[in-house]
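In the two complexes that follow, chain A is the common piece, with chain B as its partner first and chain C second.
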Partner chain A sequence: MLAYLIRRLGQSFLVMAVMATIVFFGLYMVGNPIDLLINPEDDLAAQEEAIRRLGLDQPVYIQFLQFLKGVATGNLGVSFVHNTPALELILSRLPATLELAFFAMLFAVLIGIPLGMFAGLYPKSPGSRIIMGGSIIGFSTPNFWQGLMLIMLFAVFWRVLPSGGRGETTELFGVPVSFLTLDGLKHLILPALNLAIFKISLVIRLSRAGTAEVSLQDYVKYARARGLSEKRVVGVHILKNILIPVVTVLGLELGNVIAFAVVTETVFAWPGIGKLLIDSIGLLDRPVVVAYMMLTVFMFVMINFFVDMAYSMLDPRIRIKAGKA
Partner chain B sequence: MTAPVLSVRNLVTEFDTRAGTLRAVNNVSFDVQPGEVLGIVGESGSGKTITGFSIMQLLDQPGKVKSGEILLNGKDLNKEDSRELRKLRGDRIAMIFQDPMMTLNPVLRIDTQMIETIQAHRNVSKAEARQIAEDALAQVGIPSPAERLKTYPHEMSGGMRQRVVIAIALMLEPDLIIADEPTTALDVTIQSQILYEMQRLLSDRNMGLIWITHDLTVVAGLAHKVAVMYAGRIVEYGSVNELLDAPAHPYTRGLIDSIPSNASHGKRLTQIPGMTPSLLNLGDGCPFRPRCSKATDACAVDPDEHTLSEGHWVRCHNPVLEAKG
Partner chain C sequence: MSTIPVESPFKRFAEDFFSSPTAVIAGFGVLVIACLAIFAGPISPQNPYDLAEINIMDGSLPPGSVGFDGFYYLLGTDEQGRDMLSAMIYGLRISLSVSLIAVGSAVFIGMSLGMLAAWAGGRIESLIMRAVDIQLSFPTLLVALLLLAILGKGVDKVIIALVLVQWAYFARTVRAAALVEIRKDYVMAARCLALHPMRILFGHVMPNCLPPIIVIATVQVANAIAIEASLSFLGVGVPITEPSLGLLISNGFGYLLSGRYWISFYPGVMLLVTLVCINVVGDHIREILNPRTKK
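Coming up: the complex of A and B.
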């Protein structure tokens, strides 16, 4: 188990290093941040002073070496634009995104699994057809359009929910969160739902396929033959068997939801890291983009790791194999 | 004579498929007395398993009991609602499935599955239920039952799992057990162990047992009465001694002759020519006619039951009357 853990960590460091290199040089090729950062009305000496301060007067490989030196000491660079450490900047925006992602996943599970199981248990009912049709729409329409539609329906047409922003926040363990106030919660619902639509559709499909397959197994029939209630048969015997693929996919998707909440955050003006990334790319704020990417990779690695742990909790057969390996 | 535990009268079970209506069980009647073992014998597709599931009211779609009565202690199961059936299943009427590898839910521990069964029918605490489960495992010859309870199904061998399933069936002292080829998936030594165990357990209990099998040798050692099924109907019925010593139906005779024995050593094995007919196009007359060596023109008309002696009847125009020799 320990060997597995160390190997896993080593792999993730390698991935992070490669990622950082690619992003660093990639952004260097996209454009020169000087053009955007320097005030052209300043005199030449002031301009040169600014360029030197940002380290942009050096050749690119020197810049890269300096970046590596910084990484080794835990410093991912200072934002060109905000003049604060990039990592600090991202971490200050992270709670908003995490909150959004958490609620999106919650929606995906709480809405997706019951609907999917219903469609799997009663494949021919009209309800199932509506659910499956809905999931196709959820899959295939672009996310920004879904967001705009949500705003149009709930914010413009019915005027029940606000269209953007984070609303009132309160501090929870020193971190500002929205979901503890009524106003914040109202602001949270639409973006979280928008971020969740795709995941809900995915979970519906997975749970439906799983339920349809598991329902035919002998052990489900046997559970009924033992006189168990339908609630117990569906809620324990079937549910526990379909959770493995759902947890796998949701685990991978959790990373996606956090890392690529960009569209939703832009549409709903949600002040999270996705919006920060878009702004930073627009301004060629290289330290922020690189730090963001490295953080994202780290997050994916950690999530995959926890998904593996969750498997063994769900499926005793995997537990045994892992113990022997 | 005491009242039978189970009394099946003119049972008809049909499957409405796209290709037409399939009559899997055709006008089947039999009784099971308390303490009596009824063996239902037949080839694959003869309707024996469907008869079992019809009694349990657990037919898969699109199977349906069309007509007839299934009286369990005088109560017609066809007329009970699903709530009442749930209460009866596992409590008054238990079932043992064919493949022990597929019967127990792979992701739930043995104790979970036993305790949930007990608690579905008895108002007992978890600790009491655990004690009942432990005693039941000990009774079927499972060593150190308290530890075995905490294992998962995949940690046990096939024979052990079938013992667990038998323990679950016996645990609540039902009036009737339906065993659907419970030893078919096991190797011979385990099979004889399980059969021995069954005989031992039945001797001191007054429960009825239906043993569904294709194996006449198993029936010979275990059953009191035998019903031979062919193409959805019982073609011969009688006590085990009479039926095996003087099989009257050409099909029964064929089944017995197909068993390799010492007497046939060195000779070519006898077999019944042809295959089980498709239930979709049986046509009129005796369904065994095309494969029967004794078929005459009279066989174009469906034969009635001919009583040969008290409690021994055959559905054939030309029964084999000389004793087997």
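Coming up: the complex of A and C.
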């Protein structure tokens, strides 16, 4: 077990190191941030001062060494545009993204499971066909277009919800959140729903398949034979048993939610880390893009590491096989 | 003496395919979409990128309007007075060609590496399969987005990014299929004939690995179209000179809030129809080719 853990940890570290190198050298060739960030009408001395301040006058390898040192110490450079440490900037935007992701997951569970259970219990009814057809469309349409259509319907035609922004925020344990005020909640609904649509489709499929399978089990037949109400059979005996796969898959989808938040945040101008990334790419704000990449790679490497560890603890075959390879 | 009629595999496949009306409709849809993209020039009412044909006086007309010089705009016009229907047909061509080239290359690279892994075994195999594992542990959209943040805009770069996020699916599937095939007698026979490994792999093993690849490739074409559209929407995809469906939708985004919905609505509908048709056909092919779901 320890050998496997060390090997797996080494591999995670290698992935991080390779990504850091690719990211840095790749971005170095994109364009020259000097052209974008320094006022060409400044006099020469001011321009040179700015270049020195941003560290852009150093040779590439020195910039790279400084970058590596920064990665190791959690200092990923200072944003060219905002003039604050890049990591700090991202962390300050993180609560908005997490709030969005959390509500998207909540919608996925609250909307997806009942619809999926209905489709599983009454597979022949027209309602189920509509639900399943809707889930195919939910899978097939690109996320950003769904967002545009939500804006078109709710913000432009019916004028009931705002089209973008975060609205009024309040502090909860020192972190700004939207969902505690009515205005913030109104701003939250559309983006969270947009981010949730794909997950809702996924949960519908999982819970429909689960319900169809579980309702044939003996304990469900027995529960019915005991004369329990249909509400109790469905709400307790079936629901509890379809939750396991749903929760597992949704847990693994958490990373994807963060990735797709980039699209949703751009559509709804939601001030999270995804919007920050897209803005920074456009402005060639290299430190922020690099910091975002390193943070996401780190996050995914950690998620995968813990999932693998959990699996190997539960299933000894994995660690034995990996130990031999 | 009567002989038992032998059904060719293709005939059986065709019969299975035509047994489902939904799949036939979707297949017909794919055919129409392909024709639209191939014959975009003669089919579309105007050439939306020929400045002599578009009229700035006809800018932002709603669907069904008649333009300044009597031109009928079925789906309206955009800000520059471009016929939306024509722009969509040309956009479809760009979306489809980008994703077909990308998936084709990804199939080739993934298949070669997958077969190499199955054939060589040992260190080469574990190296390739570790790379596949790592690749698949990151969400495709995020990897493509970050790659394009590094590479910059451009059709060629979008294709590179799509290939890089898709090759792993094919490599993994082909390796699994090839591992089974390589142990079979015909491969042993080919080896005894001292054929070159390249010939055995590409001439003998590859054709037998194709069915699962066809299924995955169909679904991946739809995925590639969707990813390309998302990337273009985010502003890191194709350049403004070659607008795909995603970029058309993105351009219409700004006008959506002022009620001019058609500039981004109709390209989105076309994207949706394309993706649903391809996915339905892909699902059905999977059902036919999978012996377990066969009745």
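By our rule, the second predicted complex is superposed on the first by the 251 of 325 C-alpha atoms of A that agree within 3 Å, B and C clash if a C-alpha of one lies under 4 Å from a C-alpha of the other, contacts with A are read in each partner's own complex, and residues count from 1 in each chain.
Please note the rule applied: a residue touches a chain if its C-beta (ideal position, glycine included) is under 8 Å from a C-beta of that chain, and two chains touch if they have at least 3 such contacts.
What you are looking at is a predicted structure, and each value in this text was computed from that prediction instead of being measured.
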| item | value |
| --- | --- |
| Contacts of A:I6 with chain B and chain C, given as first, second, both or neither | neither |
| Which of chain B and chain C A:L91 touches, first, second, both or neither | neither |
| First, second, both or neither for A:A269, with chain B first and chain C second | neither |
| First, second, both or neither for A:I62, with chain B first and chain C second | neither |
| Chain A: partner with more touched residues, chain B or chain C | C |
| Chain B versus chain C as contact partner of A:H237, first or second or both or neither | first |
| Partner chain(s) touched by A:L314 [first = chain B, second = chain C, both, neither] | first |
| Which superposed partner A:Y219 touches (first chain B, second chain C, both, neither) | first |
| Complex contacts: residues of chain C adjacent to chain A | 126, 130, 134, 137-139, 141-142, 145-146, 149-152, 222, 226, 229-230, 233-236, 246, 249-250, 253, 256-257, 259, 261, 264-265, 268, 271-272, 275-276, 279-280 |
| List of chain A residues in touch with chain C within their complex | 11, 15, 22-23, 26-27, 29-31, 136-137, 139-145, 148-149, 151-152, 155-156, 163, 255-256, 259-260, 262-263, 266-267, 277-278, 281-282, 289, 293, 296-297, 300, 304, 325 |
| List of chain A residues in touch with chain B within their complex | 216-230, 232, 236-237, 240-241, 314-317, 320 |
| Chain A-facing residues of chain B, complex | 56, 58, 60, 86-91, 94-95, 97, 99, 102-109, 116-117, 120-121, 152, 154-155, 165, 168 |
